[in-house]
Structures are given as C-alpha cells and as structure tokens.
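So, here come the structures, one by one.
What follows is a pair of complexes built around chain A, which joins chain B in one and chain C in the other.
== the complex of A and B ==
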C-alpha cells in the first residue's frame, strides 16, 4: 500500500494562502521554459507569447478551442485527484480514457434507438463503466496482491492501446474495411453543440456537473472523509476502523471511471468515431492538473483551463516559432517539480 | 529447430539488455532507499541524446557518452528534489517521465528530426572461432559489447553489494538510515550517488535501445520499458542477478512475440504485441506479495542533527 504522507491533500484554511502563491510562481516559471526554446530557435519570445495570448484568451475562436480542450482535461483531472487523495497513483488515465471510449462505442447500437437524453446518459454511463472496470481491477490487484498501481496502470495503458488498434482494424472497423477507424457514432448519441460556430459541446455541461458531484462527494460525504483519511495515513485509518482496502478500490474505480467518461464524451463530442490513439496525453496532463489543484475537485476546472491554454497555445507556438508540440510535456514535468519544490520549501518554513 | 531456438534465445538476450541496464541501476538506487519511477523519462531523453550524439560525433560512443550525461542530469534533478527537499519520490519520478518525454520529442524535432539520418551503431564483438560453436556461438557470442557490459555489471553488483564496505553502507542507507547515520555514514550522499548511478544506467539503457537494438530513433520508442524495468526489480527480489534473469524473461517474451506474429498471421498482431505487457502484469501479481523491498524505500531521510537545527 502506498502511503503518501508528503502529498498534501487540499482543503483546510491553512492551505489556501500558499495555493495562490504557488500557482502564480509555477505559472511564471513554466511560461519561461518555452521561452528558452524560442530563443534557442532564434525567434523573439515576446511576439510568440503575445500571439499565444491573443489567440487563446483574446479571440473568441481561440477561447472556444480552449474550452473544448478543457472538457476532457477536467474530467480526467477530477479522476486523478480522487485516486491520489486515497494514496493510489493512478497514472493510467490514457488507457482508461480509451477503454471508456471503446466500451461506450461498442454499446452504442443498443442505445441508438432510445430517446436522445436517455440514450446519451446510458452511453456515457457505459463509458464510465468501461474505465471503471480497469480501475477496479487495478485497485483490487493493489490491495489484494500489493501489485504497484503505478506499474499496473502503465502496463494496462499499453495493452489498451493495442486493443484499440485491433478494434478499429477488426470488429468495429468502418464497413468498407479500408481505413483504420470505426464507423460514425449514431446521430442520436452525438453530444449536441453548446456554442454555435465552435467545437464546444455539451460535454462542458457533463464536466461541470461532474465537478459539482465530486466536490460534494469529497467534502460533504462520509466517503470523501474516508478517502482523505486513507490517503493521509492508511495505518491510522485502519486503526480507526476504516476498511481502507475497500476505500482504495472504490477510489480507483471512480478515478478510472472519470477517465472512461472523458473518453466517451470526447468521442461523442469531437471525434464521432474511434481512431488510432486519440487520447492526446490527457491522462498525463491530468496528473499535473490534479497536483496543481491540490487534489481539490473545485480547483480542477481552473487548472484544466490553464492546461487547455497550454495545449492550444502549443499549437500557436508551433505555427509562430516552430516549437514542437511535446513542449507541453516539458511544461507538465516542470509544473510538477515546481510544486514539489514549493511544497518542500513551504513545509520547511512551517516547521521552522 | 535448433537454429530457430538459438535465434530466439539470442534475440531474447538482446531485447532484455536495455531493460536490464535500467533495472540494475534502479536496483542500486532502491537498495539505497530511493525509488525512481522516472526511468521511462530518462530512457526516452537519453535515447534521443544517443541518436543525436552518435550522428553528430559519427561514433556510437559519442551517443553513449551524451546519453549517460542526460541520464545523470535528470537523475540529479530527482535526487535533489527527493533526497534534499524530501519531496514525494513517486511524484518527483512522474515529473521525470513527462520531462523526459518532452525533452526527447522537442529535442528530436528541433535537431535530427528534419531529415532521415543513419545512426552509427555498435557492431557485434568479433569472437573469432567461438562464434562458430553450434548453438552456443550464435546465442552467446553474437552480441554487441554493451550486452557483455550489462551482464558483467549484474555479476559485479551481485558480488559487491553484500561483500564490500560501500555495498554494506549503501544497503544500510536503504534499510535503516538512522542506524547508518549513527554509524557515521552520510546517508544522503550515498543516496544521491545511488540515484545518479541509476540515472546513468537508465541513460545507457536508452542508448542501447537506439545504438544496439533498433539502430534508429522513433519518438516514444521506449514504450514502457522504463516501467517494466521497475517491475523487474521487484521480480528479481532486489538481487542484481535475479533482476537480470527477470529482464531476460521479458526479453524472451518480447522475442517470442515478434516471432509468433509471423507464425500465426491469422491472429491479429496486436494480441502478440500485448503479450510482454500481459506477462509483466501477471508476474507483478505473482511476485509483488512475496517480495519485500528495502525497509526505508521511499522514505526521505533527515538526520536528527538537521532536524534539530531546523527547529
């Protein structure tokens, strides 16, 4: 069982003040990282940044794109936060995302004939279930066999990736059997457009509802309390009579379910069919998002928006200054390291 | 039939070495009490550095040198954050995974990614007549120098960890840092050295992948080997020879998987590609509950003196 005493699970009035400072510091530092590469590429970082901000936050189209990207980031980020709270390092968000998408897509013909709201709800539930099965498996292996969830989630990522590759070339391939993708999702199961003239879809509503539900779950329910208790100190939690193994399995189940839900939302809202590797590293980014949000569901949306700006902004930097897209991964790494350093320094001050 | 088995065994050994380097480094690091889950990132970064170094210097050794430097650099970050700032080792390692993936992708696309390049790679060592021995020749005497270095490394570590003074002190740092500290051992220096060694070896593993296994660089080519290396440390029971054997098991599964693809063209190839990962998952379930790592693994150490001076 992995106890994570150094991970400060959000909340508590004493944590609020450092959060702002930490967020600001980390944002500034991460903004400087691409600047190094832009300078190295012989371009002016200032003009590149102006272009980035002008597009992502200064233009309606750009901001709609940011909103669109924030939907999956928010959902997966929420999931990661729940697992980390219980001390389970779910780093398999990408695999669970794809699994949810596949499960929902495979069930789609069953729901296609139903009235739209009902069919859609069932479709999304299938997505949640697809991810949740993987998560429950990982959680069970963790508490029953002490099988490190870090390794099992990563290994499952690769297995699911192959599964998707087979599914779109085999059982779910489009009818002409030429291209490596599936048929389109039935029309009734597509998430309708939320803002006309943009790609923003009703997934945003799903994400906001999810934030509310999980915030209530974490803050107001006994389960949320157990989650945090187990994450902070599993031994004390067990001593206090909590069945900590059960809590960990449920946390992994919900966590992976959220990633699965994100997968089904992404298919119904954006791609409309299954294709190779469409998870775009959301599972990775979600870890940085959850850590920046201090594992607090209410802080996930702003951090997801911030990362959506990075995602969309990386596209701008690619056009403006030829900076390749993986710069986003560097930013994710630097964000996490920045937070660790900040925590350590703040912790030392507190102790002094 | 013999020829086929010999080919399979030889390929199994070759495919295990990149994992073995990383896993042996991780063994040392974990025996000193520091977990580094960022091996994947280090391997990704140094795979790129190996390719770039080999291309620019015209020699695979240039690639190896650069890859080791890159591994040291990322490991130093992890060491500083997790040992001296006492931050969570797992989270810090995850940061390394992303950082390595990013540096690898950005670096590649900004340098050698523009046009196809040939990467100078390692030739097989010339053993002369030994190469001609039936079966044994092709299995054991057909490899590049790095393969023998990895095997020698496992044997040296196997002998040195329990028998030498520094081996004892290193293990003390991972088993009972307070006792080690009281005995006058600089626990955190040992830990930093072990983490740096682990980083250098993971770098070598990444370099092997490019310079002696694939002979090319592809983004994301490490494909989970860094995490499988960590699993191998568990399977091998933190014993260098056991770890090497575990890695060879994976190498064999990988070699077998590639052959099965051609033997059974009717079965979708994706199921064969999944196989080594499936083996990892099953092995993890079997071995994880039976093996116990160093007692102080994952726990940051702050000596009593340091704690007193802080308060």
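== the complex of A and C ==
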C-alpha cells in the first residue's frame, strides 16, 4: 500500500462531490483526440460524432445498446471503487471477471435443474465467489507478505486469461470439439430479456441492486466506515483497533467478487457460453469509472453509462468512418489522464 | 533607529466561518528589530503570519511595507517584496543534499537540466559566513539533525536576502542545546539590518531573543510592550487570560489499587536489529499515574506500542486485568476491554486529517453499541457525542462536521483526548499528551488525567517533561537504551537521580 488511491481520487471531505465541470471538460477533450483519427481517416469528425450521438443517445435501439454495455461496466466499476476506498489498487478486474464467468459456468450443471429464480441466484453467487476467491488471494498476499496488489492482480490477469484459453479447448469445450468455445449455458440459467426487442437483460436489475447495496454498505454501515478509514489512514485505523488487514482482505474480496459477478452476468445475459476474449477490457474502463465517480457507488452508474456510450459509439465510428474499434481504449486512456489533470487543477483551485 | 517602520499592520481581520482567527490586528515592526509574537495554540499567530507572507488573503485591514500599502496574492509576491517565512514543518526533500534542496524551486540557480551549484554555493556561503555558521552543502538532508535541517530552511529563505524573516515556532523541534545557536543567528541577522518576527507559545523563547513582544489571545492583540517592560507573571497573565490555570493538588497516594497491567521480561528488537526494549517489567495499578521517561529513542515509543496492542514483543509476558486468552492482545481487543491510547504522533496515528470530527470521533468508538447498532452507524448519536465533547473540552471548531485539518494543533489534541476519555477507560496510555501545547491546554489535559486517576483509572504517561511528571505522577520509571530503571515513587527520588538514569548507557 505504498500509493494511496483514495488520495488520487481526491479523498478528503470532497470525496463525495464529483466535479461536474471537470468531468465535462474531460469529455470534450476526449472527443477531440479521436477527432484527429477521424480526420486522418479522411472523414468529417463532426458528421461522425453526430452519427455517434444520434445512435447512442438519440435512437431507442442505440440507447438500449448503451444500457446493455453499461451492465458489466457498472458491476466492475463498483468493485474497483470498493477496493480503492480501502486503499488497495485492484487492477485485475479483467481476470476476476473471467474467473467469475468460468466458476459460474463450471457450476452451472449443478443449478440447472433447480427452480428458476433459485438456480439463477446460485449461478450468480458462484460467479461472485469465483472472483472473490481471486480477490481474497490477492488481499492475503498483500497483508501477509506485503506483495503489491498492483503486481499480483496484473499477473493474475494473465494467468486467468490462459486458464480460460485452456478451459474452452479442454474440459469445458463444446462436445463436437471443433470450436474453441464451450457448450451453451442451460436454458434455465440464462438471464431473461428485460426490454423486448433489445439485448437489455435482467443483469441491469442485478447491477442496480448492487449499486444500492454497496451504497448503503459504504455510507450506513460500520463496515463501510472501516473501509474508508483504512483507505484514508491505515496507521490510524490500526491504532483505533479496526484490524486493517482484515478490512483490506474483505475489500479485495468484495471488489473481485463484483467483477466475478459481472462475468457470470455477461455470460448468462449476452454470450451464453464461454469463449476467447469476451471481457473487452472492462477492468481498465472500471478504473476510470471508479475514479470519476470519486469512489462513490451512487456515482458509478452515470459514469458507467458515459463509458458505455464510448463503447457503443466506437462501434458506430467503425461503421461510419472506418475507425478501428480499439479507438475506445485510446478514449479510455485520455479520459483517465484528463480526469487526473483536471482533478489536480480543481484540487489546487479549492486549496487556494 | 528607523525613521519609517518596515512593516505596519492595521486592522487585519481573517474569518473562517464563524471563527474569527484574526480580529483587527495591528502593530509596527522596525528595521533590524526582533519582534516576538506570543500566544497560545489557536490564538491566531500562524494565521497572521500566513497573511503577512502572502499565503492567505485577509478579509480586511491594511499592510504597509516601508510606508507603501501592499497586498500579496501569493507567497512568491511576498518573497519578491522581501518577506521570507520559515514554517514550523520543514519542506525539505530528505533524499537530496543540502545544495540540491537549496536549489529546489529557485530559478536563480537555473531552471533547466543544469543547475549552477557553484554560484549557489558561493552566494550562500557568503551569507552563512557573515552569520558565523557553517553549511555542509553535500550532506544528505535526512542525515542531518533537526537543528541543522532548520538551518537549511533558514538559509533557503535568506538566500533571497529578505528584509523580514518570519520564524514560526522555531524552537518547537529543537533540543535544549540547539536553541542558543538559533538565537545567536537571529541576533546576528538583526544586527545586519534584517527584521525578524519570532512566533512562539513559549515565554522563554521570547524572553531570550526579542526586544519587543506582541501578545495575542483569541485572535486579538492584547498587549504590545518591550520585553523588559512587563514582568514574567504579567506576560503569562496576558497570554492565558485572567484565570491562571492551577493544577489540582495531587490526592493522597491511594492505597494499593487493583493491578491493571503486569509486564514481565518484555524484549523488542527494531527492524534494523537494535535493541528497543530489554527485559522490561513493571506493574501499573488502579488510581495511579505511572510516568515513563527517557531521552527520545530509548524505547519509550516501543513500550507504548507494545502495551497498546500495536507491536508484538519478541519475548515477555503481558497480563491485563481482564482475561484476553493467552496470545498477544491486539488494539481491537484492548480497546474493547477499556484501554485507551493518546498517540505520540497525532497526525500519523491518531486522526483522519481530512475527515470531519464526527468520523474522527467514531474511529475509536466503532465498538460502542450506541454508535454502531449491529453494524449500522448512528450518525445522529455520533454528532451529539462530538458536540458534547466539543463543549466539555472547549474545543474551538466551526462545528462537529468540520474537517480535523481546520482545527489548530491544540484543539486537535483536545478532541483526541475527549475521544479517548469518552469511553470511560480503565487504563489510559498517554504518549506526550501535552507536547507542543500552550500552558492553558497543558493544565487542562493534566487536570483531566488527574481526574481520571481519582476516579480509579490507571494512567501510563510517557513524557519528556520532568517538571510536569513531578507535578502529576505518582511513580516514575525511566528507559535508557531499552533497559528499565524503577519504577519508584516520585517522592522517593529526585530529578537529579532520574536525570542520571536517563543519560546512563
């Protein structure tokens, strides 16, 4: 815990109030960077953006897509916010996401025969547990051996990625053994469609419930207080007898559990089976989302929606202007950098 | 000696919410004069100096420098006008050398990759020579003593050849031996025409170094006089107000109370292998104040950590008055049983600086069902408890939801004390609870400890102030190089004997 993420996210009394104008400026700057690529592709950035906004926010179908994409972003973002609040950098959202998906999928046959809601709940719980085991491991390594959680989460990302790659070519591969993916998830464990005619599924309800639960946990409970106190001053937390090591392990556990839950939700709601590369870098985006939400669970949904607009918008840009999809990662990077810069400026203004 | 005064202040006012930090403050400062500003913690001295040095803008009032009205919008402007301030907390980079620290952020020695160290060294050596001090430019700052570090800070300010040098609590960090050298340097500076303002809450500092003294209380100037013009008692009365604090007389030595803590054979090695504690054993009983003395770095900090559940000893036994089931009890177990701890390093260990007072109070009361009902926080109860503590301990704050950082050091300490004593602890471990505070707050805190002692609590008091120990402690023990001397009844020993123990190796 050499660096302190709660400080980067502007800990202190203003931790709760996000700076709207800073966020807005960040959005404008991030709009300008891809504009350069659009110009380079020989298209008019303005028309491309109009198309982007018209689709994502101006059309029903587009907005449903944004909602669909916001589900995993919201869940992983919540998790990252929880770890950061306790002063632990969880960089491993992607690995935990995949681990949750695998764990839930592997347990699926056990739950498939159960009555509908119960089986699904157990399936999602298995997803949470899959991520949580990974997070608890990282937390334990951190408090027991002072192994940097940044390093261990990143390393675990690679390990889990390879594990997935093996699992879908080995034990969980589809019966015909032709394609590197698994069989379909049993029908009973699929998350039902929420809005007919779109891809929006009941995962949205899961995410909203998660926001509410974590917001209450952070603000109203003793556990939330411990979390924040440890993040703000681990020495004082130890002095006060808050057992800061346990708090850190629990924070990592919950954080990774949320990512795992997101993984299982994504499989049950969208992909319906395990395959290569279905995490699409949610872990990275979640860091930006958590920081911009100032680590406050209630601010995670709007920030997740914003990033979902980027994701869906990047698809539009690809179709309309031949901009390759990875532009979205450039946008993410610019958003994180931009946010930190404007935050520093705003912090200075406040201090003056 | 001077025709127009160097600095004239009139009606300087600064408010923080409902708190008036400076209320219409005014005084003059002559050229080459050493002026003392005396006041308790929170009297508004630091606020005033921050106004003068351009760090914070005043809400009202005028400031004249050599007859011209000035208003600084930044410390840089003030520095360019010839005002330099040395803060109480140094802003040095430990891993860099003295020369590198001096060059830091100073465009005169080069903005780009190449720094002109030769020019820097010759320029600063000349200033140092005139003051009769030596500067080792190539020493790493973290290897210097605190006094030497302070000198680097002062040289950094002096390199701009200021007309006014402000020293904020310059002796707070110095040992008794380092004080005279500082004051010699101040006198030399004044003789060469630089005006100096010394801020302090210690009367001795002012008497030893200043010609005139401005006394501040509650944000107002209550007296401006020559140092010789008022008696010591007069100054103390001006400083603390009319009600001079009187320590409660010590009660009769209580008959042997129940044993609260029995330590035997405690040994601790520091991570670097040196011995912090060697075979330390003592008993602490109900209704007594047991003082733990010693020169800093001889194991007192470690002993305090061991008995408060923060440092597991390498060997030895600890038995408290309650059953903690073998093993080493951690801070959570001890706090639940009624051990409280006033930490030595308040900012590092004791508080959440940016968080509101309510969170700071809750920090050590999370186990109390009043504030935490089955895991659910009770913010209204916490706020009420803080409001009660604030009024009972006369903590000056804009409100219970103000951030800890908005309070002065003395008020922060009062709040920590209030918080720790709020749980009616049976065993109070207080590490230097009055260090750096003013007379009145010191008396207040000591009275609180005495009251708890009368009520039957046991107090382990780590202190470096022998006079204070003699006033309030029942027994005394000394750590020297990790070995324990005593404990003995204070009435059975003398300051001289204790002093001998402290210096024994």
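Heads up, the rule we're going with is that the second predicted complex is superposed on the first by the 337 of 352 C-alpha atoms of A that agree within 3 Å, B and C clash if a C-alpha of one lies under 4 Å from a C-alpha of the other, contacts with A are read in each partner's own complex, and residues count from 1 in each chain.
Just so we're on the same page, contacts are C-beta pairs under 8 Å (C-beta built on N, C-alpha and C of every residue); 3 or more make two chains touch, one makes a residue touch a chain.
Bear in mind the structure is a predicted one, so any value in this text is a computation, not a measurement.
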Overlaying the two complexes on chain A, which is it for chain B and chain C: clash or fit? clash
For A:243, select first, second, both or neither according to whether it touches chain B, chain C, the two together, or no partner. second
I'd like to know which partner A:225 touches here: chain B for first, chain C for second, both or neither. second
Looking at A:288, would you say it contacts chain B, chain C, both, or neither? Reply first, second, both or neither. first
Could you say whether A:325 touches chain B, chain C, both of them, or neither, answering first, second, both or neither? first
Go through the superposed model and pick first if A:44 touches only chain B, second if only chain C, both, or neither. neither
On chain A, which partner touches more residues: chain B or chain C? B
Of all the chain A residues, which ones make contact with chain B and with chain C? none
Which stretch or stretches of chain B touch chain A in the complex? 37, 40-41, 77, 81, 85-88, 90-92, 94-106, 109-110, 219, 223-224, 227-228, 230-231, 234, 268, 270-271, 273-274, 277-278, 280-281, 284-285, 288-289, 298, 300, 310-311
Would you mind writing out the residues of chain A in touch with chain B in their complex? 2, 4, 6-7, 37, 40-41, 89, 91, 141, 145-148, 150-152, 154-159, 162-163, 165-166, 169-170, 284, 287-288, 291, 322-334, 336-337, 340-341, 343-345, 347-348, 351-352
Within their complex, state which residues of chain A touch chain C. 11-13, 220-226, 228-229, 232-233, 235-243
Chain A-facing residues of chain C, complex: 308-310, 330-336, 341, 343, 348-356, 359, 362-364, 366-367, 372, 375-377, 403
